[in-house]
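Remarks on the structure that follows.
Should a chain be cited, it is by its letter among A, B and C, assigned in written order, with residues numbered from 1 in that chain.
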Amino acid sequence: MPPSLLIILVLILSSLAYWQGRRRALTLARQPAAGKMHSRPGYYGMLTALWCGLPALLIVAVWQVAADPVLTQMAMKGVTAAKGALSPDQVNLLINDIRNLVGGNLVAREVDPVLQAAADQYLGLKRLSNLALATVALTTALVAAYLVLARIRPTLRARNQVERAIEVILTLCSTFAVFITIGIVLSVLFESIRFFQQIPFFDFLFGLKWSPQMAIRADQAGSSGSFGAVPVLTGTFLISGIAMAIAVPFGLMSAIYLSEYAGPKFRATVKPLLEILAGVPTVVYGFFAALVVAPFIRDLGTWAGLPVASESALAAGLVMGIMIIPFVSSLSDDVINAVPQSLRDGSYGLGATKSETIKLVILPAALPGIVGSILLAVSRAIGETMIVVMAAGLAANLTLNPLQAVTTVTVQIVTLLVGDQEFDSPKTLAAFALGMLLFVVTLVLNVIALYVVRKYREEYE
Amino acid sequence: MQKIALTLAAASLLVASAASTQAADGRDYISIVGSSTVYPFSTAVAEQFGKTTKFKTPKIESTGTGGGLKLFCAGAGVDSPDIANASRQIKKAEVETCAKNGVTQIVEVKVGYDGIVLANSKKVGQMKLSRKDIFLALAKEVPSPEGGDKLVANPYKTWKDVNAQLPAEKIEVLGPPPTSGTRDAFVEMVMDEGCAAFEPIKALKKTDEKKFKAVCQTVREDGAYIEAGENDNLIVQKLEANPKSLGIFGFSFLDQNADKIQGSMIDGQAPDFKSIADGKYPVSRPLFIYVKKAHVGQIPGIAEYLAEFTSDRAWGEDGYLAEKGLIPMPKDERKTVAADAKALNVIVNNKF
Amino acid sequence: MRETQKISTMERVNVGLAKRYRRERRFRLFGLAAIAASLLFLVLLLGSIVAKGYTAFRQTEILLDIHLDPTVLDVNNLATANYAALVRDAVLALFPQVEGRQDKRVLGKLVSTGAAYQLQDMVMSKPELIGATKSVWVLADDEVDMFVKGHIPRDVPESERRVNDQEVAWIDQLTASGRLQLKFNTTFFQAGDSREPELAGIRGAVMGSLFTLVVTLALSFPIGVAAAVYLEEFAPKNRWTDLIEVNINNLAAIPSIVFGLLGLAVFLNFMNLPRSASLVGGLVLTLMTLPTIIIASRASLKSVPPSIREAALGVGASKMQTISHHVLPLALPGMMTGAIIGMARALGETAPLLMIGMVAFIVDIPHGFSDPATVLPVQIYLWADSPERAFVERTSAAIMVLLLLLLAMNAAAVLLRNKFERRW
């Protein structure tokens, strides 16, 4: 039978086991000689169900993963006997063909009888294997259930065992989350180390030329292959700087108005609207930047007589700033609201106007939180990809002029990795090195931001 | 309690079903990678193929000729691409790499001609360039302006510096990166020819070919030549936005956007259908697709895809590929190539 | 003399008061102006997208009287019959005065190449129609469509237009005779990607997005909730758990492209999973959404007041029972809100999926988790690069669909939050 049916069967058996275990527990409970049951009846049922189901499901999972290669090997024996020694790639292709035959997919040409025989053999073996699996799994389930049922007695601490099992599952899930970070660090680090074996570290960090498009063949003449990251980093910081120059004033003033001046109805309508700005996908912002903002700025430049590149840093930075406004606004809003009312009252009591209170009392009190939120916003701006891919340039220009085209770290990562992906050329590895750089910078910013926010928050508790 | 059990059960069911669907079926669609110039033609044929036959529509990725051939030659297994599109002929080194990795039977199919144009926005005047001008404008090292044999770093900043008859605009050219076949074809047909106009460099060709290539084909990196990625459409859009710059791409893109951009004259010839087909326009090159013979018959549909590509309905003078800007080969050549493709004749190594 | 020079406190205050009130008003106005400007940006963004995209929902169609010639349509071989010829004949029949091969070809191009497929579907589903003459509305070519919608202006010289004067005359003739109309664009919602703009639709991308999100939800919600429960309730409060908390907070703020790099290195390079499949996309997005769900779940678990827990413990429940019977059900609305918001963010992600190859040209609608697929934001990114003018309006229309989906998801989250969340 197909594996999905088997799994459903195991689950049904588990449910039956649950019912049986529970019933047995209830029966035992009614016998006054046995004494009080340790746990509620459901736990006995659960214990039976877990013992019935988990080993069986584990067997099914392992069998599924391990069976296929073994079966394919056995089926291919016949083919190799007929066709002689084959290279691994030819074997690969024949297996694919067999799989297609088995799956009933369209096959390319007249079916080779040897392959058809192999496919039939595979099918036969698979049927046998499925039968074996079903027998083993179901037997295990039944035997385990029976054993546990036999052991049900009042002194059996069912609840403890069940809870421990669940705790194990929970622990596994949370370690998975930790493994993600380790995975990121290791994978990016591994490739970056390979990169730094080819390009010296200080050349990368402090070099002033970025032209990674090296020749990909021996007889080709390409760029010099310089991997100095400074122009790329400058571009990133330029665009992020422009973005923050827009986001901080607008975001902060909006937060101040919403928390101090606005009435509850105004707040209730405007806050969700600002959240919409945060919810728009960045590819939409990129499209908007490339199609509307960049030509507008270019036209403005031509009218003012200034030379504006068609992909000015200003256009990308402007749109990125708009995207970040809600970040700064909502984070600052939370921080400003957290300032105790007593401070405000004290200030009003001395006769200060609202704006004076805000400027002289509340903002200084909330400053660490606001700084933290600005740092988080900066980290978001640095890591932003789609807006700059669509609206910023590709040439690594070392300039601080916002009217010129610059490129950023994220754009270079995308450019280097879409397409040619040979994992030992410096070009591909450079993308991982840039990714490492990005990860480290955003990590440092986030850690500082969280530390600052946490440390200074306690002063008012 | 029951809820948790049920949730866990449901989750395991889902994961198990997902895992099982993945292991079972083989790949039944054609996987194509390669040139961004051939991409529009390849996708048009793929769509037609998918709609008129019972086979699945091929999956096509635009990676650039170099990147595509690299993936093609990386192995012969089922997870490697079946067909590579190329806007230049495969090089001997690539054939050797392929052989080393087990790809020994490659079928070469020439699908048509394409011209490489140096285009700019219609908002400004058409440029009239010679190949020598282009070399002087784009090379990393040029013969010293004072004369003599010495090579210096390229000092020219505007087109007028290169040739007094050209406008006094800053040199800004957007072109493809080294992974692109268009770039390979461009440096061979324009830069090589342009620098051979200088006697001392031409002499170098006979004495030190490697140095000759290095001098002629290395492009400047000081910002006048901008590598704009594999996406030719993007270059077209940037030209529209920035009338002062020029772009290098295939004729098909010029043809499809003829209302916005115009091709510069090179050595007195303007790029159009006729001049490229006749061979009068100096920068025209053939387009190819390379097929792994070992995959034909293993992955369903490859032979039929080739049949569609080589049918007159597709690549003929009135075919839908000509609509997209492909310049068809002469009738006799089409017949020969179609027959070769049907017979799956492989590249012979002594061809190089 | 002294008295006249002595100014009272109140007067001193009153001198500066007007200035202070002015400053107060200015400050308040700045705040209001900032909000107004932000909302203006939003309106500008949405407005320009809608302005560019609303025309995509209607499509130009031409009414042709097609004679289903039995000599061309061989009943036994309907799949390979030359439907294009039948369509072309029908178009030529409308303009009998046109001569010359070149002119006839241009005339034939008024109708989309998809018309042949449309006819093919019609005939293959109802072979009894062969021999009759049917009036069919077929799609017009994308340039005709652009012209009719006004995106190609009439008044520029011919060389700057994609539609020449002769074609304009024909289009006017067809409109006048009622054979050319703008109809609702069903192709956009039913078709997959295509090289021809008039045949391109978002169905493939939407199905791809659906499969990817299902994988993401199925994996990230259980694991995220389980991890949050463990970290919040069971983990001992020491340096390690502090580190883990900082770790997860950082993961939530890492740029999404780094997850793409991880997916590339591990799933594609190491585990050799199929490129461009929704399964791999879902796995990468799971990695990205997991921290968000963990943080949201922890917050909602934290918000359940200790009195509830203590009450449960007081009547003799174990820790696990407290959590499963008392805390979890109360925290569930918050968790689900967090999950929906996480999904909404995953729906709009593009960068990590570019890295794992979901950026190929894929025409067929995906039917399973391992079929090659693309997602809606990536489709938008791909269309944004295409040169045909008709793709600009389709990209904007696809953006509108994406935004609507996101709005629906966020509204569902807010509704859920308002209805079920209890404020203690």
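Here is the rule we use: contacts are C-beta pairs under 8 Å (C-beta built on N, C-alpha and C of every residue); 3 or more make two chains touch, one makes a residue touch a chain.
Values in this document were obtained by computation on a predicted structure and should not be read as measured data.
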**Fill in**
Common contacts of chain A and chain B, by label, are C
**Prompt:** Across all chain pairs, which one has the most C-beta contacts?
**Reply:** A-C
**Complete:** By Cα centroid distance, the chain farthest from chain C is B
**Message:** Quick check: how many Å separate the C-alpha centres of chain A and chain B?
**Reply:** 35
**Prompt:** For chain A and chain C, what's the span in angstrom between their mean Cα positions?
**Reply:** 19
**Fill in**
Rounded to the nearest Å, the gap separating the Cα centres of chain B and chain C is 31
**Asked** If you look at chain C, which of its residues touch at least two other chains?
**Response** 222, 359
**Message:** Could you pull out the residues of chain B that touch at least 2 other chains?
**Reply:** 1, 4, 8, 25, 27, 54, 61-62, 79
**Request:** For chain A, write out the residues touching at least two other chains, lowest number first.
**Result:** 166, 169, 418, 421
**Prompt:** Tell me, which parts of chain C touch chain A in their complex?
**Reply:** 13, 20-21, 23-24, 27-28, 30-35, 37-39, 41-42, 45, 48-49, 52, 222-224, 226-227, 229-231, 234-235, 244, 246-251, 253-259, 261-262, 264-266, 269, 287, 290-291, 294, 318-321, 344, 347-351, 354-355, 359, 377, 380-381, 384, 392, 395-396, 399, 402-403, 406-407, 410, 414
**Fill in**
In their shared complex, chain B is touched by residues of chain A numbered 3-4, 7-8, 11, 14, 18, 42-43, 46, 49-50, 53, 57, 60-61, 64-65, 68, 87-90, 92-100, 102-103, 105-109, 166, 169, 209, 211, 213-224, 294-295, 298, 309-311, 393-395, 397, 415, 418-422
**Prompt:** Touching chain B in the complex: which residues of chain C?
**Reply:** 79-80, 105, 109, 113, 117, 120, 159-162, 194-196, 215, 218-219, 222, 272-274, 276, 279, 324, 357, 359-364, 368-370, 372, 385-388
**Asked** For the complex, which residues does chain A have touching chain C?
**Response** 159, 163, 166-167, 169-171, 173-174, 176-178, 180-181, 183-184, 187-188, 190-191, 249-254, 256-258, 260-261, 270, 272-277, 279-288, 290-292, 322, 325-326, 329, 351, 353-356, 358-359, 376, 379-380, 382-386, 389-390, 410, 413-414, 417-418, 421, 423, 431-432, 435, 438-439, 442-443, 446-447, 450
**Fill in**
Listed in rising order, the residues of chain B that touch chain A in the complex are 1-2, 4-5, 8-9, 12-13, 16-17, 19-20, 23-28, 54-55, 61-64, 66-67, 70-71, 74-79, 91, 93-94, 102, 177-179, 184, 187, 213-214, 217-219, 221, 223, 226-230, 238, 241-242, 294-303
